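Structure provided below as structure tokens; questions to follow.
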Amino acid sequence: MTDQTASPTSSPGSTLIQRISLSHPRSGDEGQLYADALQALADCATACTVCADACLSEENAASMIECVRVDLLCAAICAATTQAVAGAPEEHSSIMRAQLQACIEACRSCAAECEQHAGHHEHCRLCAEACRRCEQACEALLAVIGR
Amino acid sequence: MTDQTASPTSSPGSTLIQRISLSHPRSGDEGQLYADALQALADCATACTVCADACLSEENAASMIECVRVDLLCAAICAATTQAVAGAPEEHSSIMRAQLQACIEACRSCAAECEQHAGHHEHCRLCAEACRRCEQACEALLAVIGR
Amino acid sequence: MTDQTASPTSSPGSTLIQRISLSHPRSGDEGQLYADALQALADCATACTVCADACLSEENAASMIECVRVDLLCAAICAATTQAVAGAPEEHSSIMRAQLQACIEACRSCAAECEQHAGHHEHCRLCAEACRRCEQACEALLAVIGR
Amino acid sequence: MTDQTASPTSSPGSTLIQRISLSHPRSGDEGQLYADALQALADCATACTVCADACLSEENAASMIECVRVDLLCAAICAATTQAVAGAPEEHSSIMRAQLQACIEACRSCAAECEQHAGHHEHCRLCAEACRRCEQACEALLAVIGR
């Protein structure tokens, strides 16, 4: 079984999030990059929220505290970045750029932390996967905006 | 083209969000209902955020203001409900019940508002679809918790 | 030193949050109740966020996990309730009512949890104080809306 | 009447948010800067949320749409930054730095937008005030972290 969500090879607009993103009246040439970023951000925000709570439920919770922290921070940053990607008007693209950079930083750190626990906790393995996809989607979008 | 996200008939854990939910150490008999709710909440939160901004971008933005408002409120409530579904321990199930009820109310109102504009705005049609799925997923979960 | 923030006896609109709430064009006879609720929600959301992280930083973190969980949930619910109180139009008062009820439930549970640790951790004592004020402010608002 | 909230000259820890921040077990030499930032972020997040809804309620709502957008974005970014300031461990200070930079950018843009309407709308005048304080508090914190 493979997971198609936010796949870089998914057909355009194949998820509900991708389709609504592409239906935005200001969606243009780079609409697919926005759609992919919104899908990856939604997956990552929820994955991090679940991973944080799952870490707190593990028998070795005391040794997962840094993972809980970076999970919670990454989830909060993905939520703010969703607002930036959904709503940043042209005039405010400097905010979107800065927020994408913060999100890339958060996803990278969270992925690195979760990857350390991926062998023991399936939720950490999946969370790291969501973070890496989100990092890539944000980088792809950052590469084309505000130039 | 059909959208399989959060489908009530999807195979267990077929999306990343569903799989990470099912990997939670406290996932039990009703794990699939939690997984479906988390997927529907993620889709609905992003759909509402995009729909709000899309409404503000329409030529008839002035007549879409109530839709913007209920979109923003539904998005915020879905985010809080995600935290409740991901993390409410048994002892706090009264909070989860109350938050699911608020979410059902928000999704129902937002769907009803968006359905009025579905003929003119594709983003409203898709947002209503996301809200109806989320309403159903929250109702299915509410039916089994805290008894 | 006493803390006047969100005090039931504070002069009308004495904080920035209270003043901006009262400047809303739809602020009416019950504007002070909205203003007090927004102030209490802002204090409670931040207090719970800080308390959750502080609990994770304590030497006895492993025994504070339920407190972390209910802190995080209360913070998320306060954020959604802020959106409801700031923006729920008359037509959507059923959402605001349901969200206020969820918030009262969350604040009550979080206060009860934090009060158990108030003798050992100052952050729990202060968080419980913020939760009790927020519970009261939400109840006062709930008593007057949607009748 | 003057507003003391988050004033740079306020006595240390005089608000509930400042006091709980200073009670965090990792609060150190620069604790007051964290406390001031958390207070300013809470005020700014709520001010922006109220201002967005108030703009939608004005008779000239159609001409306030850019203000609504940047208000919503600034509110979401302040919420994520609160999580960063409350919880970023030493190891993750690069995330906190990036998030503070995004917040400074958002507050600056939102203040500039609201200042254009400050003569007509009291909520824009107060929101701009909250944004400027938050911008300054984030800059003061950014100047001392991660060196």
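Here the chain labels run A, B, C and D in written order, and each chain numbers its own residues starting at 1.
Following the convention adopted for this analysis, a contact is a pair of C-beta atoms (placed from the backbone, for glycine too) under 8 Å apart; a residue touches a chain by one contact, two chains touch by 3 or more.
Everything quoted here is computed from the prediction, not taken from an experiment.
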{"item": "Where chain B and chain C overlap in contact partners, by chain label", "value": "A, D"}
{"item": "Of A-B and B-D, whichever chain pair has more C-beta contact pairs", "value": "A-B"}
{"item": "Rounded Å distance between chain B and chain D, as computed from the means of their C-alpha atoms", "value": "29"}
{"item": "Chain centre separation (chain A, chain D; CA means) in Å", "value": "24"}
{"item": "Distance between chain centroids, defined by C-alpha means - chain A, chain B (Å)", "value": "18"}
{"item": "Where chain B touches two or more other chains, by residue", "value": "52-53, 56, 69, 72, 79, 82-83, 87"}
{"item": "Arrangement of touching chains [line / ring / star / complete / other]", "value": "complete"}
{"item": "Touching residues on chain A, where the partner in the complex is chain B", "value": "1, 3, 5-6, 11, 14-17, 19-21, 23-26, 38-39, 41-43, 45-47, 49-54, 56-58, 79, 82-83, 86-87, 121-123, 126-127, 129-130"}
{"item": "Chain A residues touching chain C - in the complex, by the definition given at the top", "value": "52-53, 56, 61-62, 65, 68-69, 72"}
{"item": "Chain B - residues contacting chain C, complex", "value": "66, 69-70, 72-73, 76-77, 79-80, 82-84, 87-89, 91-92, 94-95, 98-99, 101-102, 105-106, 109"}
